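Encoded as structure tokens, the structure appears first; notes follow it.
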Amino acid sequence: MSQDIILKVNNIDVFHGTFQALWDVSLEVRRGEMLALIGANTAGKSTLLDTISGLLHPTKGTIEFEGKDITALPPHQIVELGITQIPEGRGIFPEMTVLDNLILGSYSRKARTKKEQNLKKVYGHFPILEKRKRQTTKTLSGGEQQMLVIGRGLMADPKLMLLDEMSLGLAPIVINELFKALKEIRETGITILFVEQNVRRTLQEAERAYILETGRVTLSGTAAQLREEEQVKKAYFGI
Amino acid sequence: MAGDIFSPIVMGILLGGLYALIAMGLSMVFGVMRLINLAHGDFVILGSYIAYALMTFLGMDPIISLVICMPAMFGIGFAVQKYLMGRAFAISAEAPLIIAFGIALVIQNTNQILWTPLSRGLTTQYSMASFHIGPLQFPFSYLLDFIAAVIVMLALREFLSRTYLGKAITAASQNKRAAHLMGINTNLVYGFAFAIAMLSAAIAGVFLGMTFPFTPLSGTQFLIIAFGVVIIGGLGSIFGTLIGGLILGIAQTLAGALLGPATQMLIVYIIVLVILAIRPQGLFGR
Amino acid sequence: MRSQISKLTTGWLAVAIVVILLILLPVLNAPREWMLYVFLFLLFLAMSNMWNLLAGYTGLISLCQPAFLGIAGYTVAIGTWVQIPWWAGLIGGAVLAGIFAILIAFPVFRLSGVYFAIGTLVVPEALRIVFYLWKPVGGELHGAGAGYMIKDIADLTMAHMYWMAFAVAIISAIVIRIILKSKLGLGLASIRDNERAAASCGVNTFWIKVYPFVIGAIITGVAGAIFYLYQGYIEPSATFNVRWTMTLLLATVIGGLRTEGGPIIGTIIYVFLYFLLARFAGISLLIQGIILVVIMLLSPQGIVGIARTTRFYRYLERLFSARLIKE
């Protein structure tokens, strides 16, 4: 196991007020991989992403990014270091133009210098965004909005991208397109950690996965291993 | 007879510019952090008094005194947001309102102690001058108000649409969580938004002082006017703010001309209450 | 159990003694200033209780309480100019304040939170102008900026007014108790926490807010009218004045918003401050504003909030809540 670990989550507990959402969760992300986080609706997947992004802070445990402790950092410093979360559910700025949304993606100091270059990359992945760049964002279709938030995430020039429920409410054909784009993005050297509810699909796309249940990691392994796991078959495939 | 109506309408339009100028800061703070700054009127009057002090002690022209007045109010605004309002939001829904009310009283009474309750004005030669349209005469200060309002509006629009900070302010008002995730330090952005609102309050205060006499207690009156402008024009729309200002300005001058000057403000207050009753989201609000 | 009951009786006995002492104060030949302190305390307490009911328990920051006390005060004053006895004016004033509250409820209750505060702020400002312009009785020399004397109250002694103030204060405390223990109290709490959710659960959010608003207007009106009976004189600029709002806000916030004991403690301190700062009339409101901001930031639950963490308070609380357990 000489593989380079880009993100390491060590035994974290996270609370929403008095409700404990994560229990002793640990996780490793290897540089360049496509890793999935699977679980039911309230399993704590989004909480985990928010904690990595610095929106929430653990009461116990640590988070390391490229060997640096980022447990207590605020979100804007974490973005600066190269972690970007792509929010689920149309996390757009609805009244702004597509272009302004993208430009806001490059808000961090490091990303501003590469704005033009990254904008070209985004248009390369999602040509439709260039066509729509002067439109108000709320007029886009659901799939286009999802492309926009991914594109906006790319504008931050990230090393690690966290994707929350990308396929929520989208047509299969759009989902295919998005996964194709993700593969291309990953080939440019960006590590991807994504959260999904569609387990069958996820285990086709990801190389490895962690399964979260009611705030705890219950299983992890390569996608191939997990597909064969009895527990997974029973819980998620109904076999 | 036509002149009887024409003159107050022109006055109302020009006055509406001043009202829009006063309301801009209120609208911005509300749009970004969902706070009605109960102290906004008093901040505007604070701007008037700073210019008054500079004029009295240094003989500085009010418009030139903006060079000092604007950064001063910018700094005050940033500090108020960082040390008072920012913390108040974490306490409860009522806390920011109560604290703003407290700040309003502190400003009013500080002004009262420093400058006595007597009314003051920023009188200069040009603010006392007048201009003519046909046979009718209008105060030059009203024209200045309108020009200032248009300039500030265009500047604000350019700032919000062209700069990273301006875009970040807009973004934070539309989706705070997504703004966070873009690496926008929302606390800092709120600080700047409040500071810029206070900067516009400084400009409003200076032009108000050249147009009307003011006392330490004038703030409440202008808070209500600004609020009226914002609810008429709808929130977050710079253009709507101008329209709101014009409607309120014209209503006031027409009421003054037709019903007597004492009723002017009463009409404004009644319009505000009626709009609240029939369309609380504003005439142009979504 | 027995020890609990005996503790309980000690607690209520202490309260009873204080109450009786307060009632007897005028006949005990107490110094006049003492009576004045307690008199103002009782009036401010009644008004603060009502403000706490709105702001603390319903989340509505009402800035139009001066309108109610002004309307009731003016009703009494103008009434005495047209041969209506002061006590009839007092009742009429309470009724008018209540009706006025219902009328302005229509515009202001369409608004929530921040909007509500400014909506209510407009009302006393507008009334001030109205009473500047409107001189219903008395000709040119009276009314408007010059104000009205209240006539024919020579037979009304300080003791009478004191007892009236006492009655209003007690009624305000009882009203709060009843409301909080009733279904209405539950509805108010649900609105405060989440108005939209409350509405979707079938709570009629409009009327449920109107009740405390109107009750508050009536009691505030009566308390205000008693104040103006004592002052013997009413004029618009001091009546429809933000100072009144400041008084209620400060008394409630110092003591503790959303606590039953808060206004009592807060009003005691406020009256103390009121006389202490009277010498520094100029900076009095400045200091009050600073106190308001500082308390809100450092201890949003006021003195009661701080006291809650002490053992003595928990002891008191046990003392008075024991009865509820028994019931």
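We call the chains A, B and C, going by the order they appear; numbering starts again at 1 in every chain.
One rule holds in what follows: a residue touches a chain if its C-beta (ideal position, glycine included) is under 8 Å from a C-beta of that chain, and two chains touch if they have at least 3 such contacts.
It should be emphasised that the depicted structure is a prediction, and the values quoted were computed from it without experimental measurement.
S.K.: Quick check on the contact graph: shortest path length from chain A to chain C, in steps?
M.R.: Step count on the best path from chain A to chain C: 2.
S.K.: Quick one: most central chain, C-alpha centroids?
M.R.: B
S.K.: Please name the chain that ends up farthest from chain C once chain centres are defined by their CA atoms averaged.
M.R.: Most distant chain from chain C: A.
S.K.: Tell me, please, which two chains come out on top when C-beta pairs in contact are counted per chain pair.
M.R.: Per-pair contact counts point to B-C as the maximum.
S.K.: Could you give the separation in Å between the centres of chain A and chain C, each centre being the mean of its C-alpha atoms?
M.R.: Whole-Å distance between the two chain centres: 54.
S.K.: Roughly how many whole angstrom separate the Cα centroids of chain A and chain B?
M.R.: Distance between chain centres, rounded to whole Å: 43 Å.
S.K.: Would you kindly tell me how far, in whole Å, the mean C-alpha position of chain C lies from that of chain B?
M.R.: Inter-chain centre distance comes to 33 Å.
S.K.: Which residue numbers or ranges of chain A touch two or more of the other chains?
M.R.: In chain A, nothing touches at least two other chains.
S.K.: Using the touch definition up top, name the residues of chain C that touch chain B in the complex.
M.R.: 55, 59, 61, 63, 104, 106-108, 110-111, 113-115, 117-119, 121-123, 125-126, 129-130, 132-133, 242, 245-246, 249, 253, 257, 282-283, 285-286, 288-290, 292-293, 296-297, 300
S.K.: Note which residues of chain B are touching chain C in the complex, please.
M.R.: 30, 34-36, 38, 84, 87-88, 91-95, 97-99, 101-106, 108-110, 112-113, 220-221, 223-224, 227, 231, 262-263, 265-266, 269-270, 272-274, 276-277, 280
S.K.: Tell me, which parts of chain B touch chain A in their complex?
M.R.: Going by the criterion above, the answer is residues 161, 164, 167-168, 170-171, 174-175, 177-185.
S.K.: Note which residues of chain A are touching chain B in the complex, please.
M.R.: Touching chain B: residues 53, 55, 74-76, 78-80, 84-87, 91-96, 100, 103-105, 107-108, 111-112, 149, 152, 156 of chain A.
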